[in-house]
Every structure is written in structure tokens, then in C-alpha cells.
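Submitted below is the structure of interest, expressed as C-alpha cells.
Letters A, B, C, D and E name the chains as they come in the text, with residue numbers starting at 1 for each one.
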Amino acid sequence: AGVSACGGSADSAAGDTSLDVVVTTAAWSVETGSITLADQLGFLREEGIQANFTTAKSGTEAVQQVIGGNADVAVATPEPVMIAAQQGTDMQYFMPFYGHVIYGLAAVPDSGIGSVADLRGKRVGVTNANSTGATLLRTALKAEGMSENDVTIVPIGVGAQQITAVRNGDVDALAMYDTLYTSLRTQGIDVTDIPVPGLDQLFGGGFLAPKDALAENPEAYEKLGRAVAKSLAWARLHPEDAVRAVWEAKPETRPGPDQDEQKAVQDQIAMLETRLGALIPDPQVSSWTEIDPASVDRFADWALQAELITGKPPVEDVLDTNLGTGIGGFTPADLQPSAGS
Amino acid sequence: MTLATTDAVALTGVHKSYTSKRGGEVVALDDVDLAVPQGQFLSIVGPSGCGKSTLLKIIMGQTRLSRGTLSFGGELPEGRHRLGMVFQQALLLPWRTVRQNLLLSHDLNGAPAGGSDRIADEMLAKLGLTDFADKYPNELSGGMQQRVGIGRALVHDPQILMMDEPFGALDALTRDQLGMDLLEIWERDRKTVLFVTHSVPESVLLSDRVVVMTARPGRIAEIIDIDLPRPRALETINTPAFGEYVTRIRRLLNSEHSAH
Amino acid sequence: MTTTSDRTTSVPAGASAGRPPRKRLVDQPGWLLATGLAVLLLTAWEAAVVVFDVSPLIVPAPSAVALSLWSGLADGTLLSHAWITLQEILLGFSLAVVAALSVAFLVTQSRLVDKAVFPLVVATQTIPKVAIAPVLLIWFGTGMTSKVVTTALLAFFPLLVNAIHGLRSTDPDQVAMFRSFGATRGQIFRRLQFPSALPSIVAGLDVAAIFAVTGAIVAEFVGSTEGLGYVIQATNFTLDVSRTFAVLAMLSAIGITLHFIIVTIGKRVVFWANDVSRLDH
Amino acid sequence: MTTTSDRTTSVPAGASAGRPPRKRLVDQPGWLLATGLAVLLLTAWEAAVVVFDVSPLIVPAPSAVALSLWSGLADGTLLSHAWITLQEILLGFSLAVVAALSVAFLVTQSRLVDKAVFPLVVATQTIPKVAIAPVLLIWFGTGMTSKVVTTALLAFFPLLVNAIHGLRSTDPDQVAMFRSFGATRGQIFRRLQFPSALPSIVAGLDVAAIFAVTGAIVAEFVGSTEGLGYVIQATNFTLDVSRTFAVLAMLSAIGITLHFIIVTIGKRVVFWANDVSRLDH
Amino acid sequence: MTLATTDAVALTGVHKSYTSKRGGEVVALDDVDLAVPQGQFLSIVGPSGCGKSTLLKIIMGQTRLSRGTLSFGGELPEGRHRLGMVFQQALLLPWRTVRQNLLLSHDLNGAPAGGSDRIADEMLAKLGLTDFADKYPNELSGGMQQRVGIGRALVHDPQILMMDEPFGALDALTRDQLGMDLLEIWERDRKTVLFVTHSVPESVLLSDRVVVMTARPGRIAEIIDIDLPRPRALETINTPAFGEYVTRIRRLLNSEHSAH
């Protein structure tokens, strides 16, 4: 597709508008797979949109793909967007994906940690020393009058490595994102959330595109958004179907032959609900497609406090509020998958 | 020494010294004046290490001279076909068969395949290697390898042919035979030949002139004109004149040797 | 003085009838020995997993890996991913070979390139491919091209250095001989320097092929939705460690196949090089 | 026939007074030429960034990179991170050298090791270090050890292959000569095979050093809180692309320094090898 | 042929054939029976490619024989110091100086440094290489390299010394001189020597027996006992008996040659 496509000019043979969407994830999973279900369930075709979904390892790389003109839309958390905005590169969110900030702190069972204050002198696991989880940890410590020197930050990665590190007792607490905690819980490690005040009031991120492209061809983005929103809502209503649909489209997310399939379904439903539960509290209502400018503003405040940025960009620079209503313009009755493509 | 109109190659006041890895200089050639007329068969004899190979390598352009002048004259074709050398080692290409090694210069100069084959067959017969045409160099004995090296230079057929102890690894019979073959080829075309050998009779038998060198620093002791009638044959060895030349050169070499 | 000989080399066993040839372990074919050792190691691993009750999240039992490998192959998913990766490996490797040999040619033929360009080539080699991945993705797209380029970048350098090393070790006397035969620069390169460098180039190809495998995987890590590298990432997320190891096993198989292809072809091409067996008796 | 000589090689310029030596570009020292070319390329890059209005979030202008490099060096942060990484590189490289030479020794001395063990070593090499880095973290901890091991793993293979190639190209006649002198296996290795292999080993060291740099960075990517790899990650997170490129420039500097150290020492150690300059005149 | 009590080395029915890369076999040695008594100086002459080097390599254990038996007898020390060889190529180690190359076997056998130095100096003088003691092999001329190879084997001082055309690259004077040196060393210790040469006079002058070989397949044509009194000197060449031996061997070689 490329930049020209987002102007709606470079149409595919079918007369559809083609958009390249880059999703932040190391690999497809049931959570991100729920986005691509829009294609599988026929919602995109209904809207006359063709979308090519690719992945980027980090939000930064996803955003760079958009800046570099390699992708039209990115699905990413707001940190790189805020930073880019500060450097004069305007990209706007037009649809949410994460309900609110997905990062949080959690205590390993039997660590005796109940609050941020208890973290003093403890080992806190992060996926990577430069993750937003680590940044969140720093700001939370600062709010309690501590600094990162009062804890030991241990990068423990994701997946099996992370679970092993927790099992081995390498860490006392964690500063990561929600689905990783769910993953730990499905493995029988019942981590408990450490409350960080105001965290669930912060914008979590979602779909974004260059400001001028959004201004030029809002319909295309609205159509894409609506198709994806439908698939997310459908997945929220039919989690098991969604899990199996993702397995079908992306066989690598299917459990291995040595794993219990029923447990795998339950585990992945838990992941899906973690992701979509916060975004779509009530599946019957579609107003969740609108982004609250105040939450974005609060995130900017937090980013400033976290020293990710040195000045707050105006909310209008990073948020396009014009499409939200149109994107949510469907009812549960519209969620009928047309025959799988 | 100035370049005569008929000189194929001339060296004037040539000095060559090597700087050693551990410091210190070795003078390989000192004040060498030598002009080789077009079409002459010239032999060089001298003790081991006196600079014979160095002299040839300088003419080949393989080694730079430290002082002096090297000049080529006469009707030499530009660049190609000018010089040919048989080295002290055979220097065969291990990935080419005997035949392919012999035809190296033909291949490099894009000669038509048909004619080359005939030439190769003739040369193989001369070298006594007909049965070994399709063998690779590391399947040959030392002497056989050296013969291929000689054959390769003869097939190349250069205007100036230089040979550095070509017959060193050969038995007396093969040696005599190849010497005669060389002479026959030379009689036909009268190319210029510079021939390094340790065999004094060989040098007398083949050459128009013999250069006797002294060791360290390598200097020319004397240049002896060999006034024996041509064409020569192995029987020439039995003439009294031949014996005299041999004795004279041996005496020269002896005196040079004992002076050290 | 004794009448007995203190050493006697007799007729080789094959020729003398009656005496049964004593087969030593080392005389078995290589694949048998290597497979044997592999089986031995896998058994030990399986036993260790059982005895120490290792969590399958850390190191799965070889049997579980084999099962996962089998089912992945049976349902075709692993093969289709492997095919993608194999294409990237082969294309990237080919690109690296062409590039490395060209640069090696230029470096050894032109002192200017050697002095001015080569240091810059070396300088670029230390840049981790993962770090410039975004740039590569933007330049070459998210498709196969960017993976092929990354693969080629990783395979390029070992081959380059070996090719240069090989081209430089040509015998100067032979160069002089070629010159005297009126050979052009190109002829000296093609007919002398290149064949002389072949043994060294083959060693470089061996390393390059192995690094091409790693390169393709790294490229897929950076951003891709197919290929074995992507499967490693995906299975890491779904905690399907057996499948991760199954993919690693496939990579090893690809690598060892490439290695043996190169060694075998190498031996035929460089037939004149010292035969190792001559050192061993 | 002509009386003029068609070619005359005269006294070298240095010896004859009066004639001013014509300095050709290629006769300039290497560092000058390479730096000159680098400056040229950087200028072109700077111009391209300005002309095409490239976003600094993707490719920053060299001037911005230089500024960032300067400020990072001035406040000492880059240097302290570089020191960490350098330690990992050097330790990992040393470990790789010891391991590769030992394995090469075993492979070339024992046909059993060659046939049974070597294929398995090759098989393990295709496993991407990034994929097993988590396992390495579990085994060797999050400290420097795991980084050193990762670095060593990456540097190991190119050196191994080159060392084996070198050791195998020993002249069999010379081995026979050593045997006849009553040399032990160890003596043949140390006094003959090893020195014969040195030119090839030096080429392998060159590649290994460059890969050690990449190895240390990749290791730091996986899990670390210091070092240049960590800085790349950190600046990537904060979209400080100029600083990322500044770090890449430092890595290049480290790589090229190691390269020149190895080449220089190599030339002294392998003093007897064909002198390239003899091919160029 | 059975092993006599005093035989240093004996070959019985030895057959050696090489399989060629391109298929086909080359028979290098066929049905060779040879026993070399302890302390004998034995020369081997024969046309190029007749299997002389192969014979020595088989005794060295460097090449396997295809059929037949090789046995060593007598009071030979185990393993070490048994065999020594001067190869057709000098095979010097390029990273060792001339002196270090000469002392290679001393170093390998952990000889005390002091004594070695004296031995090296003596050998350097004999070889005429005193000025080149600290040079590296690639700073030497071809003949000089060959001399170092000879010196290295002599310093090694093995029970059985094998020399493959050691003097091939040397000028006549150096050759004579080294031949006499070799004879002197041999007279002192009476080690067993197997000496391959292309010079018939040299073989007669030095040896107790001369083995004349025929080409393809390499067979022993005749073994000639040289009954000249010892110690011999260069003057021995002028005796009539010497001339007769030379003529006889030459005739043998000639007839072998023309038979092909």
C-alpha cells in the first residue's frame, strides 16, 4: 500500500482501499489476533477495506514504520507517540485498543509485598530495563519518595523465561503489563496487584495514523476502525469462538501436542478477557470506541512526570476525536460474521 | 654499457640488495653490466647464492632493482609473448592436468583448441609424459613436474626465454635429451635464451656465451664466447675445443670459490 | 643385534584372505558416529529431565520435542514456515556470496579500495543488525526482501575475510609466471588467484551458511509474521517450549545439511588440496 | 629494429635527486584515505537528510549524531557503558579463542572427535543466540557472565572453522619429517601444525573479534541494565535516534580498532606469509 | 628376501600402485626386493618417475605399500632417532631462521642449548651458510635452502639416513664438497644411508652398492657392489676402476631407457 494508499487513491483490484496496519507484538496471540479477525470474519470486506497486518517488536518500531511511510496505521501504546509529537511528528490516535494503561505492579506470592512502599530493598522483575513497566516502577517509587536505587531491577524477559524466573524466586515483585500477569496466573502463580493510584485513569493506546492522512481521508480510517471494532466486540461476546478462530488463522498460537487443549482454551480466554475486558466493559454498548481526551491528557501528565517527555503536547496533536462515534456506529445485531474468507 | 640495436635485453650498472627481516642488507647483485643480443643463447653459471635467480627475476620484472638500468630493445611485441620463464620450482597449477598446464599460455591468449591439442601432444611426447597427460601435478614425481614446467615455457614460445636450472631434478639421460630438444627448438627460431645451470658442460654445449658469476656480492667474473660450430650434437662433447672451454670455466669457478 | 624385526608393515587387511578385518569405532561412517553420539546425548537429557523433574517450561524432554516436531511436520505448519525461512537463507546466502566475492575482488585488486573502502566495510560489520532493523524495514519493506538483506549482512563478513585471505595467499612467483604469459588482470584473478583462494573460500562459505541460518531467524525476530523465527517468538508467547525446541532442531538440521553440502562440494572442487587422511596413519 | 628501448626501468625516485616524486592518491596512508572517504560519505548523508527532509526519528543527520556523541562522551555516560561492553567483548573473545582452538585441536587430532563430535558442534551453531539467551540467563545469571558466554558463542564458530582449515592444510611431507625426527603428537601440533595454521587463524580472529562486538550487544539486548546494548535499547525506547546512532558509531570504532590490532599483530606474527605488496608492482 | 641379522631395513616383494584422481592405476614400484645391511651406503639411480622417491617414502612410513613387507632390524632405538630424510624439496619451516631449522630435531628432543649451538655453528660452516644463520628461509636462494635441508638431516643424525636428490640444486663445487663432508660423517659413524641421485659418478664415489632401477613399472634392474677402497676422496674419480663402474651403470641406464 504505502502512503499513497491512505489517501484512498491506490485502490486494489477489487476497488477496496488498502491499508497497512502494524501491530505491536512479538508474535500473533489471541489478543492481537482479535484485531485480524476483522479480516477473517468479513467485517473489513463489508466496509470495502483491505488491510495488511504486520507486527513490530516494540511500540517505537511500530511508530517508526508509520513515520517512515512503511505503514498507514500502527497499534501502539502512547509513549513513543508522545515523544514523537514533542519532536514535531504529528500522529493521532483515532481508536482505542487498550482499555487503559496496561502496565502495573504486582507482587509474587509470599513476598509479603502489599504496597509500593514495601518494595524497598526488593528485586523487581521487568521484561526489559527500558520497558514502560520499568518506567512505571520508577515513577511509582518517586511518588513514594523512593528512587530506583532503592530496589533491584531485574530484566527477566517474557514467556517461559519470565515464568521460570518467578518460579525460581529470582524476583519479589514485577513491573510489567496485564496479560503477562494473566499468563503467570494461568501457570498457577497467583501474583497480586500492587495498587498504584490513578493508573486506570490513563489512556492505554490504540490505533494511530499520521495527522494529515487522517484529515485527508477520514472515511478510510473510520471504516477500518469500525471493522476492527466489530471484531473486538464479537470476540468479547464469543471468547471461545474467537480463540478457536485465531487458532485457525494463526496455527502457531494453537497449543502443542503435549499441552492440554481444554486448559489452553481457558488460558487464552483469560488472556483475551484481560485485554478486552478493560476496553469493552459492556459488550452491548459500543461507545467504548471513543477516546476520552482527559485520559490522554492524564497520560501526558504522567509521561512528563516520568521524564519521558520534557513538555506536554496538546491533546489535539495526538488525538483525533472525529472518528470515534462513526467507528462505534454498529449494534450487537451487526456482529454477524459473513462466511470466513 | 649502451644498448646496441640488436640487443634483446641490457642491464647497466645493476645493483640489487635485499633488506633482511632481522635488519642488515644482503647484496645479491653488484654492478652488473650485461647485454644479450637478440637471438643469443646465453648461459649463466656461478656458485649457489651468487644472484643468478635474482638476475632473471629482475629481467622478469618480478623484483625491483636497487640501482641501475634495465632496458629491452629490438622488435619485441608489446606486452604479450615477450618473456617466458622456467622457475627453479616447477610452479604447476594443482587444479590443472599436465596437458592443461602445458597449454596455460595458449588458454590465456585464447588460442584455438584444435591447434593447441597437437602442440600439447608433441610436447608431451618430447617430455616423455604422453601417458601422464591427464594426471594432476601432485600425481607426478619431482622430475616429471619439472619437465612439465619446461614444456609449459616452450609451448609459450616467448621472445626471451629464461630458464633457472630447468634440468636440475632430471636424470642424465632425460637431461641430455631435453637439452638437445631445447637446442633444436632454438635453432629453428633463434629466440633469445638466458639459461642458468650448474652443469658447466651443459652450458658450453648449449650456449653462444657463458657468464661466469662470483659469489657475494654477485658480480660477473668473466663472459666467455663459445666458438663451437653449430648445429651442435651430443658428440660435440668429445671435441678437444669443448674440453678446453669446460676446463677454463671450471678453473674460473674454482678460483672464485677458493677466494672466499 | 636381534633377528626379529621390531616393526613389520604387512599387506593391507583387505588383500589378505582369512584374517577378519578388525573394525575400529573410528572407522565407522561419520553419520553413524554423529547420530550415535546424538542419541546418547538425547537419552542423557531425557533421563535428566525425568530424574531432576525439570519444568517443561525450562527444558522440555526430547521425547516431548520429538512429538511436537512430528505433529508440526504432520500438519504442515512447520514445513510451510521452514520453506519461508529456507528461501530467506538461500537467497540471503547467495546475495552474501556475490557481495563478499565482489568486495574481496575489489579489495585485492585495487590498493585504493583496500585502503579507503575496506576499513569502512569493517566498521559497518560491528553494527548489530537488530539495531538497524527499523531502517532496514523501512528501506526494504516488511516482506522477504528485508529478511534476505539481514541474512546476507550476517553471512557476508566471514566469507569476505576468508576470500581476501585466500586471494592474498597466492604465490607471487605464480603471478609473475602468469604475467610473463601475457595474462590480463582479470585472467590472473580468474585463473590463478581465485582457484588458489578456493580452499579458504570454502571455509568461509561454511561459516557464512551457518550464519545465514542465524541471520534469517534474527531477521524474522525483528518483524515478521511467518518463518521459523516467527514460530520461535510465537511459541515463546504461548509457552509452547517443546515447539520452540522443535524449531531449533529443524534449524540445526538445516544448518548441518548446508554444512555437509558445502563440505562435500568443497572437497570435490578443491580436489587438489592436502588430503587430511594423509596425516592420519 | 629500433634503437630506442621500449621500456626502461630506472633508478627508484628516492635515489635520484631533482625529480619531484609524484604522489598518487593510492600512496597516501590508509587512515587518511579511509577517513577522507568516510567524511565524503557523511557529507552526502547530511545532504540527503536535508534534501529529502528525512525524519530524525528514523535517520538523524550525522551532525546531530556527532553532537549527541560528543555530549554523551563529555558527561561520561557513554564511556562508562562502553567500558562494560568492552569488558564483555574482550572476555567473550578470549573465551571464544580458547574454546575454538581447543576444539580445533581435538577435531584435527582425533578422527573420532572429527566424525562424531564436530557435526554436533556445527548443529548447535545454527541456534540463534537470541533464542537461547533466556536459557543462558537462567544458567549464568543476569550478570556479566551470561553476556560473556553469549559473546563467546557468537565469536567461536568463525574462528573454529578457520583454525580447522588452517590446521588441516599442513604439508603432509613436513609432518613426515617431524615424525622422522621423533616428534610427539603434541610437538607436531605446537611446532608445525599451529604455526602453519596461523595465517588462517588470524583471518578467523578478525571475524571473531567483529562478531564478539555484535555478540556483546545482542546479549545486552536480552537482559541487562548497563552497557552500550542497553543504551541502544534505552534510546530506542525514548526515540533518541541520534544517541542510538552515536552508540553505533562507538561500536564501529571499537570494531575497527580490534580489526587493526589483530591485523597489525597478525602481520608481525605471520611475518613469513606472502607479502601482498609483492603482488602490486 | 629374508631379513639378515645385520640388515637395517629390508623390503620383500614390495608393490606400490597409486590410484589416479581420474581413475586408472599407476604402478610406481613392482616386486622390489631390497635388503640394506646395517652401516651400508646405498645409492639408488634410475630415470625420472621410476619410483625412487616412492621407495624412500615407503621406508619413512609416509606412504603405505600396496603389497609386500617392510621390516626393520638391528639395534635401532625405539621410535626416535631412527629415520631421517632429506626430501626432494627443502621443506624448511618459514618461521624459523636457518639456525633454528638446522636445530629442529635437537629442539624436538629437548637437547641442551649449549651443545646445540656448537653443532649448529659447525654445520653452518660446512654448508657455507655462516653469514646466513639468522636469515629466514625465504631470504635464501634455492641452493641455500636445499643445503639447510641437508644440514638439518645431518644434525639429526639418524640410524638410517635417506636422501632424495639432496644435491640437485647445487653447483658442482658445493656438491663435491658436501658429498665429501657426507662421506666423512658416514665414515665416522657408519650409519645406514639410502641416497637417491641422478649423478652416476656421485653414486659410485659415495656408495657401497648402487641400485639401478627401471622405469614404469619401477623395478630393480641390477644391484652393483662398488669395490673401491675406502676412505675415498675426490681423486678416486681418476682411477680406472671408478671409470669402469660409471660406464657399466650408464650402460645399464641407457639400455633401460631405450627399452621404452
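Just so we're on the same page, a contact is a pair of C-beta atoms (placed from the backbone, for glycine too) under 8 Å apart; a residue touches a chain by one contact, two chains touch by 3 or more.
These numbers were taken from a predicted model, which means no experiment stands behind them.
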{"item": "Chain hops separating subunit C from subunit A, counting only touching neighbours", "value": "1"}
{"item": "Maximum centroid distance from subunit E, chain identifier (CA atoms)", "value": "A"}
{"item": "By number of C-beta contact pairs, the top two chains", "value": "C-D"}
{"item": "Computed distance of Cα centres, subunit B from subunit A, in Å", "value": "83"}
{"item": "CA centroid of subunit C to CA centroid of subunit E, Å", "value": "46"}
{"item": "Whole-Å separation of chain centres (CA-atom averages), subunit B against subunit E", "value": "28"}
{"item": "Rounded Å distance between subunit B and subunit C, as computed from the means of their C-alpha atoms", "value": "47"}
{"item": "Numbers and ranges of subunit E residues touching at least 2 other chains", "value": "21, 61, 89, 136"}
{"item": "Residue list for subunit C, restricted to those that touch at least two other chains", "value": "58, 134, 138, 171-172, 221, 244, 271"}
{"item": "Of all residues in subunit A, the ones touching two or more other chains", "value": "60, 64, 68, 159-161, 164"}
{"item": "Subunit A - residues contacting subunit D, complex", "value": "58, 60, 63-64, 67-68, 79-80, 83-84, 87, 89, 128-131, 153-157, 159-161, 164-165, 168, 308"}
{"item": "List of subunit D residues in touch with subunit C within their complex", "value": "25-26, 28-31, 33-34, 36-38, 41, 58-59, 108, 111-112, 114-120, 122-132, 135, 138, 157-158, 161-162, 164-165, 168-172, 175, 199-200, 202-203, 206-207, 210-211, 213-214, 217-218, 221, 229, 232, 236, 244, 248, 251-256, 259-260, 273-276, 278-280"}
{"item": "For the subunit E and subunit B complex, residues of the former touching the latter", "value": "18, 20-22, 26, 45-49, 52-54, 88-89, 97, 128, 131, 134-136, 139-144, 147, 164-165, 168-175, 198-200, 216, 250, 253-254, 257"}
{"item": "Subunit B-touching residues of subunit C, taken from the complex the two chains share", "value": "171-174, 176-183, 187, 191-192, 195, 271-272"}
{"item": "Parts of subunit A lying in touch with subunit C, wherever the complex brings them together", "value": "22, 26-29, 53-57, 60-61, 64-65, 68-71, 158-161, 163-164, 167, 183, 187, 250-253, 255-259, 264"}
